[in-house]
Structures are given as structure tokens and as C-alpha cells.
Amino acid sequence: MTVSLFFQHLANGISLGALYALIAIGYTMVYGILRLINFAHGDIVMVAAYVAFYGAAMYALPWWLAFPLAILLTAGLGMIIERAAYRPLRGVPRIQLFTSAVAVSFLLENLGIVVFSGRPKAFPRPAFLDKPLHVGDVIIISYTPVAVAVALILFGGLLYIVHRTKVGMAMRALSKDIETTGLMGVDTDRVIMIAFAIGSALAAAGGILLAIKFPQINPLMGVVPGLKAFIAAVLGGIGNITGAMIGGFLLGIAEIMIVAFFPQLAGYRDAFAYTILIALLLFRPTGLMGEVEPEKA
Amino acid sequence: MRTSITRNRILTVLALAGFVVFLVYAQTNWDAYRLRILNLCAVYTIFAVTFNLIYGYTGQFSLGHAGFAAIGAYAAALLTMSPEQKAANFFLAPIIPLLRDVEWPFLPALLVGGTLAALASLLIGWPALRLRGDYLAIATLGFSEIIRVLFVNWQRITNGSLGLKGIPDHTNVYWSWGAALVTIFVVKRLVDSSYGRALRAVRDDEVAAQALGVRLFTHKMMAFMLSSFFVGVAGGLMANLISTIDPKVFMFFLTYQIVGITVMGGMSSLTGSLVAAVLYTVFLEVLRPIESPFDLGPLHIPGIPGMRMVLFSTLLLLVILFYRQGLFGQREFSWDGLLNTLARLHRRVTGLWGRTPPPSTVDKGEQ
Amino acid sequence: MALLQLRHVSKRFGGLVAVNNFSTELQAGELCALIGPNGSGKTTIFNLITGIYRPTEGEIWFDGHNITGRRPDQITRLGIARTFQNIRLFSGLDVLGNVMVGQHLRLKSDPASAVLRLPHYLREERAMQRRAQELLEALNLAHLAHEKATALPYGQQRKLEIARALASNPKLLLLDEPAAGMNTAEAEELMAFIQHILEHFKLTIFLIEHQMRVVMGICPRIIVIDYGEIIAEGPPATIQNNPRVIEAYLGVGTYA
């Protein structure tokens, strides 16, 4: 493999990693607070892609209108799901909560099929993202640095919120001890909703990046990336936002590079992530940056 | 109310005999379409009952059902298809020599499918069953998808994404409902035994169960493997019923449907699983017309493909949120329960007609 | 030889030392109490004995076996049973079912025999049922056999938990705050009951209790811990007048 080819693959992996990272953050935020794997998170990604699609392709909105709109609407959807399907089940045995998450995911997928039709649609790629850039011998597409920039900027924004605002502090407190934080006068419901909104917004950004990258959308497009993003979150240490970011990039790069070096394994690409998950859960469930949770009797 | 065990046994035997008569009648008189639905009811019953065993009774949220069904389906298909059919299918890449010339009868093929699925569950359960609730779900979902990815890639074994066509239609109501009845029998017997109590203890409170000497991992694995065996058999039945399979049939969608059926029937109720599975299969067929265009008087309603699933998943969500115990909750069918209900209805009806009902002998104190 | 031995057992959770150099012995047939202020490490010690936690240092020996770091179900199999501070009954089973789970570990028949209802399985099942009934009768719970376990009044639930623990045929019974939530009269009745089962079932009992009066009345030996360390040990009279014990419970300078 030539050097330039190597870097091209790397660039590809990095841009894939960027969108995994954005989706992974949403998972990790919700898990950190509610200890819930939001099965519906991957489908949120799909919804964002479709809303952006309708805005840009159907209503001919410019991308700088359609995309933020999609993100906003998806954040709203995330809040609705939390309010309708998760909050009512808070005092109930956990297993019911997981089942609810599965049911929401199932419903979103089916709604997607009915409303958007099962046939894939081509996603309109903004022109400026399609330009080839020359870095020495290497040709990378302009999408890549933009994707990374978007991921880093949003991540930076999130870090600011989490560490510099009251809401962020409340989120951190909730993830440590949800009961006590509630007793301290924090409006748990509101903070959780905001966490879902932010997580969904980030996932939406990831979804739009996903749609631009591939650039085809279908109602089940969010499931596999969603699972992989979750695995990335576990890799980085579930509950840890920075870990999710790192895990996302690592996973994206690994996925591309493994296939680049071993093209005969291309068909098993999806299986890598799952294998990584099993290995993680067996040998290092806390991931790269996670904390060991103290056992309770 | 004194339970008359002999009476109940007689009633059960009579009911089974009646059911067998019904099956014979259906198999000889019904058209292929209705028979297909009847067979599918049995397959989904097995799916639901086995999921109930692992989730409702043992408390393990495993989302691997589709994967195990896939293993059973492909095993049965490859073993029962004739060499000519296989040659016709494997035109992209020839089938591996081991499978090329085999053509087995149905029962051994089904059993092999079930056994392979059980072995896969042993492999999967080994790491996965040590995990907590939601992690177990993701891990098993991941495994189910790995199986699918493998099947898509093993061109020479499974014919990849082309799938298999022309699988012999060995499945008839005797096979399908026979398997379903065996599954129900085994699961019920297990659940009503000391092992069943132990499984429920594991579900209700692992820490306390372990403190009483219950080997957590062994019991979870037992339920998991038993469940997977029957799921594999059900997969084989399905393959020989719908005669065309490809990896897409066994996507997580199938698992989600099974979760839905079992939850709606009532976790920890085998009766519920049976009833819900039958209702699901029947309603899915009954509602098929809404997915193609039809006329409602002057209105022309365009067909909406996928609408049935939207209805189902909405219903599921509503059940989870507002009616968590499902149709049957933790109750099982019992002759005593049925006769009691009938007696109560009888009294109410006679009351409605103005006649004073005789003093009830069922309610008062004969507990 | 002592039935239970804790040798220099310590447990650290990260930087927090929950139990520090705890050593003691229980002889067969003893009734011993472990008391101390809240957070002193009492339940942690129980969790160490029953295998829920692994000691950071030290060893635990029971009945001649080194049980340090073994799994809880293995330890129960050797003859230790326990109840929990927050009652942990099986909500999906009735009272009788709860007790019968306690006997499951001794079941010799395999699942296949259970499914096929082979004669030797049926024999074992019947025996288990009889023994469970006897236990319930001994504890005055027989009339509630088919009630939902979690529907019982609190005091009965506690007794049920004890019955369930007894069902596993233990040599050593660990009771974690059995009198919690009871008024004095109920607690005294419970203590009398504990004394009764001590003799009747030939047990050794190690109990954690908070209510001093209740413990002082019946336990010949009391161990007092604070911050994970033993601060006093001996018969009730010695403990009551021990200044360190008073200080631990009431704080320094209260008796100014």
C-alpha cells in the first residue's frame, strides 16, 4: 500500500470516526445519568437524516437552514421520547425500561418505513463538501476535515456546557448519584430532558454527516451505526464523554484500516465492532477511560 | 374449591385429543394459505414461549433469538434440500463438499438445527450471561448480527445474500404443532419444578438467590441453551414452511417481533405467549389488506406498506407503558380457572333472566 | 476448632478502608452479636464472609475450609446462610416457594429428570415440600403458605427470610439486623425466637443488630466495631461500661 493510499484510508477512517463519536456521546450521556442504553438512539440518527433530506431535497432549503433545523427537530424528538417512553417507567424494574427502549426503536423504524418508504433515497451533498483537497501526494475529500471540525467544535461546546454551566454540573451530579442529586433540589426531570436533547442533537449531527458520507438514506440506516457507536462508547468507557469521543474515532479508524490492510475481510466489516464489544465486555468492561463502579450488596 | 386432579387430567387429555382432531381436519381440508398461517402460529408460539423462558422466567433480556433461528433454519434447509436443488441455488460459488450430497429426512435435520443453535448459545452465553441487563441485550443483539454477517459472507455454505430457494416444504401442522406442544410441555414442566423456582429466584433477586446456593451462571445457561435449542427447531420449521430464506429474514426485526408478542401475552405466562403468538400471526394476515390500496365507499385509500408493523409496535409501546402485565400477566390457564369463570358467567346470565340463581357452591368457602 | 475464623481481614474500596484487620472466631453453637454505629462496616463483614466481597487482605475459614474469595453459592453450599438488611424476598414466588428455593441447592436430580417427572425427582420434590411446610409451621407461617411473599406484613417477611435461610440447612446463620423496623415487644419476641432456633436447629448464629437493649438481653458475646475495627469484645456487662463503646455511639464529650 502506498503512503498516499494509507493516508487516504486514514482520512476516511477519521471522518467515519467523527460521526461515530458524535453518536456515541449521546449514548454515553444518557447511560451516565440513567444507566440506560437508549436503543432508540440509532434511530434518532435516521430521523435526523430524513428531516435534513426533506428540508434540503424536497423543500429546497439551503443546507445551512436544513441541517440546523433537522438538528433542532431531532433534539425535540429526543425529548419527546424521554418524556413519553422513559420517564413514566422510572421507578419500575429496569428490565421494563430496556423493553421500552427496544419498543421505541422498533416503532421508529417502522414509522420510518411507512412514512419515508423502504427504498433508499439519495442524499443531497452540499457541493463544498465534495471538493478534493491536495495535501502533498494525498488527495482527501473536503468532507473529512469538515466532519472532524464539526465533531470537535460540538464536542468543545459540550465540554463547555458540562463543565462550565449549572446544567452541566447538575448532569455530572446526576450521573454520580441520581437520588441524592434529586434531593438536593435539582430538577431531575428537566436536567434529564436537556441531556436527551443535547445527546439527540449530537446524534442528529452525526446522522447528517452519515447521510452525506454514504450518501444514501434508508429507514434502517441508523441501526448498525448506532450499535457501533454504542460499542465505541463502551470502548472509551461508558459514561465518559471524552471517552466516547476517543472511542468513536478509534473505532472508525480501526474499521477502515482493517479492511484496507485485509481487503478479503471486507464483508466482515460489521462484525469487527461486535467482536471488539465482546472482547471489551469480557476483559475490560470499563473501557479505556471508565471508572470501576463500586459494588453494592 | 377442591382441585380434582383426575378431572383436570381427563380434561387435558380430551382437549389434546380434540386439538389433534382439529389438526387432522385442517391438514386434510384447508387450503395452502390457511395452513401456512396455522403453521406460522405454531412457529411463533415456540418463539414466544422460549423467549418467555429466558426473559419472563429467568429475567435475562437476550436479544439473540433471530440469530438462533437463522442457525436452525439454514441447518434444516441445507440438510433437507436435494443435491439438485442445492446445485441450482449455489451458482455463484459451489456449495462445500460436505453439504453437497446430503439429503436428510426432516426430523434429524430439525434436531441438528436445534443442537447447533444450542451450541451457539453456549458459545454466546459464556461471555454474555455474565453481563448485566442492558449489556446482555446489546451483546446478544451483537451476536445475532454477527451470525447474520457470517451467513452473508459464507457464500459456499449459505449462498450468502442470495439465500436459499426451493427448500422442501416438509412442514405440516403435525410437525409444527407437535414441536410447539413439546416445547410448551418441556418449558412448563421445567418452570413448575424446583429448577423453575430457582430461575424465578434468579430473576427476582440474583444476590439473594446466590446467597441461597443457587448457581447463577449454570441456571442462566440452562435456560438459555434450552430456549435456543427450540428456537433452532422453530427456525428449521420456518425454513421448510416458507421455502425461501435469506439472511435478511433473520434480522433483529424478527427478535423485536418476538419480544413484542411475549410482552403483550404477559411475561411469565406461557398461556399468554401461546395466545399472543396466535393472535399476532392471525391479525397480521387479517390486516394484510390495509397495505394494499382499497376502496372504502367513495374513498380510495392507498395502500401503506409497513402499516401493520407500525400498529404492532405502537400497541407494544402502549402495553409497556400502560398495561405492563400484558394479557395474562403471570397467570396460566388452568381448568379450575376456566370452570370457575364459566360458572360465574352462568350465574350472571341466569340472574339477568330474572331467575334467582341457586346458592353458589363455587364461591363460598370451598377454597 | 472454631467453626468460623476471620484472620486479619481487611477490605478497601479504593481509598476507603471499610474493614481493618478484623480477626475473630466463632465456636459451634455460639450466639454472637456484631454491633456498632452506622457505617462501621458490619454489613461489609457479612458480605466478606458470604463471598459477595473479596477481602483485600486476610483469610476467612469456615468448618475447616478456606472460603476466602469463593463465590457466594459455594459458601452457602458449605453451610453458611444469611438474611439481608433490606429484606430480599422473591416477589414472583409465594411464601412456600420462597422457602423451597432455599432447598434447591441440595437437589440431586438433574433438570431432565425434573422435566420428565422421574420417580426420584418426585421423591425429592415431595421431601422438599414437606420440609418447607415443617419450617413454616415451626415459624408460625404455615397459614400463609400460598400468599404472595411480598404481600406479607413486614414482621412476617422478616421471619420468612429467616425460614428461607434455614431451608438451606446451614451450620452458621448470619442475620443482618433482623429486628429492624420492629418495636420493642416484637424485637423481644424475635430474640426469643432466635434463641429457640439456635437450639432447635443446632445452629451457630452471628447477628448484626442496632437495638442494644435487645442484643444485650440474649447474646452471651458481643463484638463492637467502629470504622471497621474491633473496639471491644466480651459479654454484655463488659461492653455496656466500656468507655470506647460509649464514645463510639454517643460521641466524645457528651457526658461532660
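Letters are used for the chains, namely A, B and C, taken in the order the chains are written, and counting of residues starts over at 1 for each.
Following the convention adopted for this analysis, a contact is a pair of C-beta atoms (placed from the backbone, for glycine too) under 8 Å apart; a residue touches a chain by one contact, two chains touch by 3 or more.
No experiment lies behind these values; they were computed from the predicted model shown.
Closest to the protein's overall CA centre, chain by chain, comes B. Farthest chain from chain A, judged by C-alpha centroids: C. In this assembly, the C-alpha centroid of chain A lies 33 Å from the C-alpha centroid of chain B.
Averaging C-alpha coordinates per chain places the centre of chain A 47 Å away from that of chain C.
Note on chain placement: the centre of chain B and the centre of chain C lie 42 Å apart, centres being C-alpha means.
Taken residue by residue, chain B touches two or more other chains at 207, whereas all remaining positions touch fewer. Across the assembly, chain A contributes 297 as residues in contact with two or more other chains. Residue positions 52, 84 of chain C are each in touch with at least two other chains. Interface residues of chain B facing chain C in the complex, by the touch rule stated above, are 186, 189-190, 193-195, 197-198, 200-201, 203-205, 207-216, 222, 226, 268, 330. The touching residues of chain C, when paired with chain B in their complex, are 50, 52, 71-73, 76-77, 81-82, 84, 88-93, 97, 100-105, 107, 111, 114-117, 121, 124-125, 128, 164-165, 167-168. Residue ranges of chain B in contact with chain A, taken from their complex: 55, 59, 61, 63, 127-128, 131, 133-135, 137-139, 141-143, 145-146, 149-150, 152-153, 207, 252-253, 256, 259-260, 263, 304-307, 309-310, 312-314, 316-317, 320-321, 324.
On the side of chain A, the complex with chain B involves touching residues 35-37, 39, 84-85, 88-89, 92, 94-96, 98-100, 102-107, 109-111, 113-114, 117-118, 223-224, 227, 230-231, 267-268, 270-271, 273-275, 277-278, 281-282, 285, 297.
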